[in-house]
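Got some structures for you, see below.
In the two assemblies presented below, subunit A is common to both, partnered first by subunit B and then by subunit C.
Up next is the complex of A and B:
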C-alpha cells in the first residue's frame, strides 16, 4: 500500500507516449475523407472588402471550396436578434469588415495541404481602405476606462500620496506585446455526423468551454458537440477561448459535408490567437528616509482591439503586495486596429509586477537600502486591499531561502562595481503574487476487480502534468500504487471540469479527485458494514466478496466560504544573477533561483519543471521578446521565430526551484495554492534589477537587448 | 497576394491561365470537332484530366523510413515533414513553423539530423530516414527517451520528438562535450515550455553513460 504519495517525484504518466511520438495532438488523427483548410489574410489594416476574386483558386487542382463572407453559411450564433445584440469578438466570413492586418478574408479547402496552400495564394481582393491606428504610444490619449465596474480607479487612503514623500520614484515602464507561441500550431479538425453531431479535435485549455462555445455558435445542444483535446502542445493562455477560426473550421465542414482540418501557420499564430498586450505603466512610489512606504500609485495603459475590449489585472498587485497606507491605481485600454490580446501566462499580474518590482528596486537605491530589507520593512502581514488575513503567506521565508541560494551577500550595493574580467556581475530580486482559486469540478472513479482504478474528468493538460498529479492524489488517498491508477482528460463527454487557467487545476480538479476517492472508500466501507473512517481496505477482496465486477461513482467538489474569510494568494520571490559584457552589452543569465509559497506541492518533479518553465518565460519577457508592427502599414513585421526571439537552450542556465511546501488548508483539502502563473510573475523585474545592479543602467523598456546596454 | 504575374496574359474571362490542364481543357473545346477525340473532350468535362494530371505530376520516390523500404509517389513540392505526417501517418515528427526555425520536425537522414520541413521529400531519394517512431527497439526505449522521462525533459511534449532526435545526433556529432556545448548545439530546437535545463541534464546523463 502506497501512502503519502502527495509530495513524491513521479515521472509523467504520459511520458512514454510523449517520447515515442505516440501522443496524438489535435491535428494528428487519421480521419477518412479529411480535407485541409488554409486561411487567406487581408492585406489592409482597416476598412472593408470591396471585391474578392476566388475564381482562380476554385479552379486550382484539388480545391473543394473557397469560403468568403459572400458564400459562407451563416453561423447562427453570430446573428443578432431582438433579444440579443451581436456577440462580441471577431466573426469570420460574416461580413466584409476588416479590423486588423492579416485578418482572414477567405478559407480555401482542398484535398491536400499543398493544394490548399497553393490555392490560398490565388485568392485576390480589393479593399475600401480607411485610416487606421496601430501605434500604441501615439494613440495613448485615446485610451478609455474599460466597461464594467472592475476597472474603475482604486484609492486607499489618499491618492498620489507618494508625491509628498521625502524619498520618491516616479518612472514609466514599457512592456512590448509578447506572443504566446506554443510550439504546437493551433489546429482544429471538425466534422459533422449524419445525426447532426459535431466532433472537433482542437487545441483547447478547456474542453467544456470549447463545447459550450461551439454549441452557442451553431445553436445546437451542448451535448451534441464532442470536443477532443487529450494532448495540447502548449498554450500559455492562447487556448483559453474558442477562436473564430475554430468556428470557421466547423462551419466549413458543415458546408462541404466533409471533415476539415484548419492549421494556422506560425505567422498566423502572431495575429489570430492573442498575445500579452503592449503596456505602459507609470509608477509613483514614495517612502520615509528609513524606507517606510508612504504611497504607491500605479497607472497602466494597455493595448486592446477596436472590435473587442481586452482587460487584465496589471495594476492590482500594487494594491496588496506591500503594506502602504496609501495606494491608488488607474487602468485604461487603448483600442487599436490589431488582433485582440489574450491572457498570457502570469497574465496582467506579470505585467504589473514588472513595474512595481522595478520601481521598488529604484526606491531601494534611492534610500541606499538593501532591496530585501525594503521589502521586509513593508511586509504586509494582512491583505491591505481586502482587509482580510492571508490564508497563508510565507514570502518572508521565500526571501531568506532565495537570498541564501543565490549568494545575495556577493551583491554589491553600488551598481557597476562587481566585475569578473570583461563581465559586469549583478544580482536582482523580483516578487509576485497570484490569486489561489478553486472552481467547481467533478470526477468519476471506477474501481475494477483487479484493484486497478480509472478516474476521469474533463480537464486539460497543456503541459503541467495534470494526469500525473491526479494519479498521485488518488494514490495518496486510496493507498494504492500509482501504477494501478489511470486518469483520463481532454474529452468533453467526461464529468465537467473548469478550463485549465489561472493556476487552479490542481486546486479544483485535484480536490474533485480527492473527494471522489474518499467517496469510493466510504462506499466500500458501507458495503462491508465497516465504520466510515476505516482505512484498512482490501479493494480486490471487497469486490470479490460482494461479487461485483466493478464499482463506479461520480462526485462534485467546490470551495467553501473560507474564500470570504481569507485573502488567498500564492507568492514568489525570484533571484537572478546576470553577467553583462562591459564592451558589447551581451548578457548571460548565470543563475535563477525561484522560491515559491504555493501551499502543498503534489508532484515535486513536474512542479519543479513548471517553475523552471515560468522562469524561462520570464527570461523571454525580460530579454528577447518583442512583437513589432510597422505602423506605416499596420502589419506585424517579425511574425516568425527568426525575427521574434523566444529563449533558446543557449540562453538558459540551470534554474533552481525551491518550494516552501506548507499546506494551506483554507483553500482546498489538498492544501495547494497553484504555481502556473507565479512561476513567471516577478522574473522579468528580477532580471531588470540584476542588470541595473551589474551595469548601473536602468532599462525601463523591455526587452533588455544588448544595444540598450552599450 | 496578387496573382498578376508579369508573364501570364489574362484569358477571355480575365483569369490568368494557370496550368497546362486549363490550356488542354480550353483548347479541347475549341478544336474538338477537328482534332480531338471525343474521349478527351469527355475527360476534360469530367475533370478527369486533373485527376490524371495529379498522378502524372507526382514523382516516384524510394525511401527507407524506420527500416521499412517504401516506394512512394509524391508531389515534388511536398516536404519530407508533410510526407511523414500526412501520407505515412508518422505524426511523431512535429510541425512547429514550416520555416526551419523551431526544430520540432527534426529527423535523421542517413544518420544526420535535419529539419524535415526544409527538405523536399523528393530530394531524399534513396536515403534512410529515422523518425522518433523508429528510435526505440520495440518496447525498449532508446536511452535518450528514458533519460528525457527521468529528467522530465519536456512538459507539453510537442517539441520532444525533435529534441530527442537532435540530442541523439548531437552525441554522435561529438557536440555534447560540456554543458555549454550542449546548450549551444541544441539551440535549434525551441521548447516554449522551457524544459531546457532538464533536456541538458538528460543529454549529459546519456553522454556519460555512453548509451547512445
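Up next is the complex of A and C:
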C-alpha cells in the first residue's frame, strides 16, 4: 500500500492560508493591551551618548514609555558578572556606547504604531564622537585572523604553486555588502504572564534557538519561554539568531507590564538584521597548457563589526571543488564601525564560488579551452581536501544536462562576437557546492481513529514549504493520502528540532518524520501481533479493533558514522544566457538553467520554486544589489527599497530547475541532500561569465550595472 | 510624521485661499511623493489642502491641441487614445516611470513637482542645500553616481527624477497656474529651474500657486518618436540617463526635431543646439553621432558619474536610431 509520494508535486499545504490572509505573521497578533515599540537610531558612527532628551517624546500623544540606557531595566544576561553571556554582540540600552550609525539609542512605546513613530522622531541626543572606520578597502590592512582555530591558513601540497604554472590567472574579485531584506519585516511581539512566563511571537528560523537565547538573556528556565513563529515571510539567514531588538521587546514588555510589538522599519532592516558582508577575494589559478590545474590560491578579506566578529567560509570551496594537487587558502576579517553581518543564503560558498568560478572562466579563455572541458579535465572524483570518497556526486551529469538545455553549442568561444542586432549575446557557466548536513531532530506523531495523522516538530518554514515536504514524506511512509496528514511547526513547545539553516531541514526533520512514521507502523504491528516490517496496515481498523481513540509517540533521529566515512555535498551547475546592449549597457538575462545534484527530491514543485527563488537572489547579487556607505558620515546612502535595487519581475527570465534526483543513502534514510543554498551558489559567476562571453568585458566588481558595460 | 490639519475644498479658488492661510501648508494631490517626504521628516506641513475634489480631471482635445488637467493621473494620460495617437512620446515616458500602482495615484501636476531622489536630500541627518539652505551639498564630494552632468552649481548637483517632464519639455508644453494673483501660463522650459544659489527652489512656481493644467500644442510627432531610459533594473528605478526623441521625417530628411534628456540635470534638459544641427539633415547613424557630440558640450562629471559622459551620448544615439527606424 506504499504510495510513493516522495517525488510528487504537492502544492503548499498552507498555500491557501497564505494567499487569503489566513496565515498570521508575528506582527499580526493583536493581544489585549498591546503597545507598539519603535526604535530611535543613533546619528553618529562611533562614540558615546553624552546626553539624551526624551522629555518631548514622553509628552507626545499616546506615549507610554521611552526606554534608554539610563532607565532600562537591566537584562540579567547582559551583566558581566554572569558566567554565561546572554548573547554575543550588541546589548541594547545597556550602556551609552555607539558602535555603528543607526544603532538604536532608545525605544519608544506608545498606544499606536504611528504615535510611537512620531514620538521616536522627537528623541534627541548629543554625543561624544570618536573617529570611525567604515571604508572596507582603506582599512584592509587592519584585517585580523578570526578568533578560534577554524580559520587558520590551509595548505595542500605547495602554497602559491600556481605562480610557477605555464598558464595562470591572478585577479581580485569584489563583492559589495548585500541585504537579505525579506518581504516580511522583522517584528517581535512579547508579553509576560503573571506567573513569569514569557511569550514571544517573532520572525524566527529556529524557535528552540530563540527560546534558549531569550531564556538565557533573562536568566529564566527555558521551559518558561514560549516562542511562536508559525509563518515566516522570508528570512534568507537574517533570522538565524536572536537579535538585540527581540530581547529589547521582551525587556520593554517587562518594564511596562504590557504586551509590546516592536516592528523594524524597512530602513532599519538595512542596519539591524545583518547582511552578506563586503568581500575582496584574491585568486591565483595556474594550469598546464592542456588545462591540468597545478595550483589554486584563494585569499579572502571580509567585512565584520568592531563589536562582534562575523565569519563565513568563502575560501573553502577552492579546497575541494576541483582536483588541484596544490591549494592554499587564507581568510581574514576587517572589523569596521558597521552593524554585524549575518549568514545570507549560500553563506560563504556563494561568495567564494563567485571568485573561484570567474577565475576558472578566465583561465579557460587564457587556455583557449571550453569552460566545461576545463572543469571536466579537473573533475574531482574524490574530495581532495578531506581525502574521502564523495557520498554521491553527479556534477558531470549537471554539466551535460545544463549545456544541452541552455544551448551551449551556440556559445561563441570568442567574446563579443555573437550579436543579435544591437545586442551582444553570451553564455556562461558557474558551479557550486554546499555541505549536506543532518542534525538531531525529534518528531511527534498522532494517529486518530478516523485515520488522520498529525505530526509535530519545532522546526520552521521560512519559505521552502517545510510542512508540505513533511506531509509528503509521511504520506509516502504511511501509505496514506497527503490530505489525511497535518504537520505543525514554528512552536517551541513542540519536540525539539534544529534551526532552519544550512539546507538541512528535510535531511534532519524529514528523517525524524520518516523515523516516527516507521515507529508508528512498528507499534501498530506489535499491537496486532504482525511482523515488525508488515506493510499491510489498515489504520482505522487497527485503532477500532484495539479500542483506541488514538495512538501517539515521539521519536528522535540523528545521523550515523557514515558522515565520517564520506564527504557529503550537494552540487550544482548554473547556465545563463545574457544579452547586453552594445551602446547603453542595458542587460537582459534571457534564460537561466539550474541543474542540481541534491540527492532525492521530496517535492518537485516546491523544490523547483526554491531553485527559482535562489536564482532570482543570484541575479540580484550579480546585477543589482549593493549597499553603499558614505564613509564621511558612516551612513548608508541607499538604505531603502527605491535606491537599493533588488531585481524586479521584468528582470527575471524563464528559470528552469533540473534535478539529477539520485538518492544519496549515506546521509539520511530519505536519500536527500539539500537545495536551499545551492540554488544561489554559482548563479552570480555564471552571469558574470556570460557577460564576459557577450561583451569581452570582465567585470570583477559586483553588481554588473550598465555603467560598467559601456 | 507630525500631526497636521487636513482640508478638502471643492473649488480651486478656495484651495488657494486655504493654502495661503498657513505659511507651512501644502497642496496634496496623489500623495505619492509628498507622503513619502512627510514620513521621512523632510516636509512637515502644518496643513494639507487636499485638491482631489477640484474640477481638474479632464483630458481635452482642443482642435488637436492637448489640455491635461492637473489631477489627471499618470495612468490616464499614458492610456489616453488621443495621447497615444498624437503624442506617443508622452505615453512612453510616463510608462517608463515608477510602477503601475504609483502611476495610478500620481497626478500630472504632482509629477511636475516631484522632488529629487538625491540621497542627501532624503536623509535629514546629512547636509543638503535643497532641504536646508546653507547646510552644504552632501553629494558634491559624496556619492554622486546618479547626479547631474549639466547645469549644476556648487550648491547642488541633484537631478530632476521625472520621466514625464523630459517628454513634456521636448513637446514644448505650457503650464497653466492659478494663484492669489492672476492666473498665468509658464512655458515648460521655464517651469523648472537650475540650482544656482537657490537649489531649495525646484521651479518658478510662486508661493500658493496651483498648477491647473498642462497644454501641449499640436505637433507632427506621432510616428518617429522614442523615449529610452537606461536604468539599473528593468523597471521601478530612476534613470541613469534617459532621452526623449521626437522626429518629423519626410523623404529621409529631418524636417523637425525635439530632443531632451533626463537624469542629467536639475531640470529636464532640452537640447536646442542639437535640434538646430539635426534640422534638415538626412537620417544616418553618423549624423546622430555628431548630434550626440553637440549634445554633450558643457557636460561636467563628478567622482561617481563619469560614466554618464559616455552613457548620455550613447543613449541619445540609440534613441535617435530607434525613433528614425534605423534600428528596432
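To be clear about the criterion, the second predicted complex is superposed on the first by the 702 of 710 C-alpha atoms of A that agree within 3 Å, B and C clash if a C-alpha of one lies under 4 Å from a C-alpha of the other, contacts with A are read in each partner's own complex, and residues count from 1 in each chain.
Keep in mind that, in the parts below, a residue touches a chain if its C-beta (ideal position, glycine included) is under 8 Å from a C-beta of that chain, and two chains touch if they have at least 3 such contacts.
What you see is a predicted model; the values in this text were computed from it and never measured.
The superposed arrangement places subunit B and subunit C next to each other on subunit A without a clash. Look at A:43: by the touch rule set out above, it reaches both subunit B and subunit C. Of the two partner chains, subunit C is the only one touched by A:630; subunit B is not.
Applying the stated contact rule after C-alpha superposition, one finds that A:121 touches each of subunit B and subunit C. Of the two partner chains placed by superposition, A:604 touches none, neither subunit B nor subunit C. Using the contact criterion defined above for the overlaid structures, shared-chain residue A:705 touches subunit C, although it does not reach subunit B. In the superposition on chain A, A:226 contacts neither subunit B nor subunit C. Comparing subunit B with subunit C, more residues of subunit A are touched by B. In the superposed model, A:421 makes contact with subunit C only, not with subunit B.
When the shared chain is aligned, subunit B and subunit C each come close enough to touch A:648. The gap separating subunit B from subunit C in the superposed three-chain model is 5 Å, by closest C-alpha atoms. Overlaid on A, the two complexes show subunit B and subunit C touching the same residues of subunit A, namely 43, 61, 118, 121, 640, 642, 647-650. On the subunit A side of its complex with subunit C, the touching residues are 43, 61, 117-118, 121, 421-422, 581, 583-586, 588, 623-624, 628, 630, 632-633, 635, 637-638, 640, 642-643, 645, 647-651, 703, 705-708, 710. Interface residues of subunit B facing subunit A in the complex, by the touch rule stated above, are 1-3, 13, 15-16, 18-19, 21-22, 50, 53-54, 75, 77-78, 82, 85-86, 89-99, 101-102, 104, 131-133, 135-136, 141, 145, 148-150, 152, 154-161, 164, 182-184, 186-200.
Residues of subunit C that touch subunit A in their complex: 1-3, 41, 117, 119-120, 122-123, 125-126, 138, 141-143, 145, 228, 230-238, 240, 307-308, 310-311, 314-315, 317-318, 327-328.
Interface residues of subunit A, counted against subunit B in their complex, comprise 11-12, 14-25, 27-28, 30, 40-41, 43, 55-56, 59-62, 112-114, 118, 121-125, 181-185, 231-236, 263, 265-266, 462-465, 605-606, 608-610, 612-617, 640-642, 646-650, 652-655.
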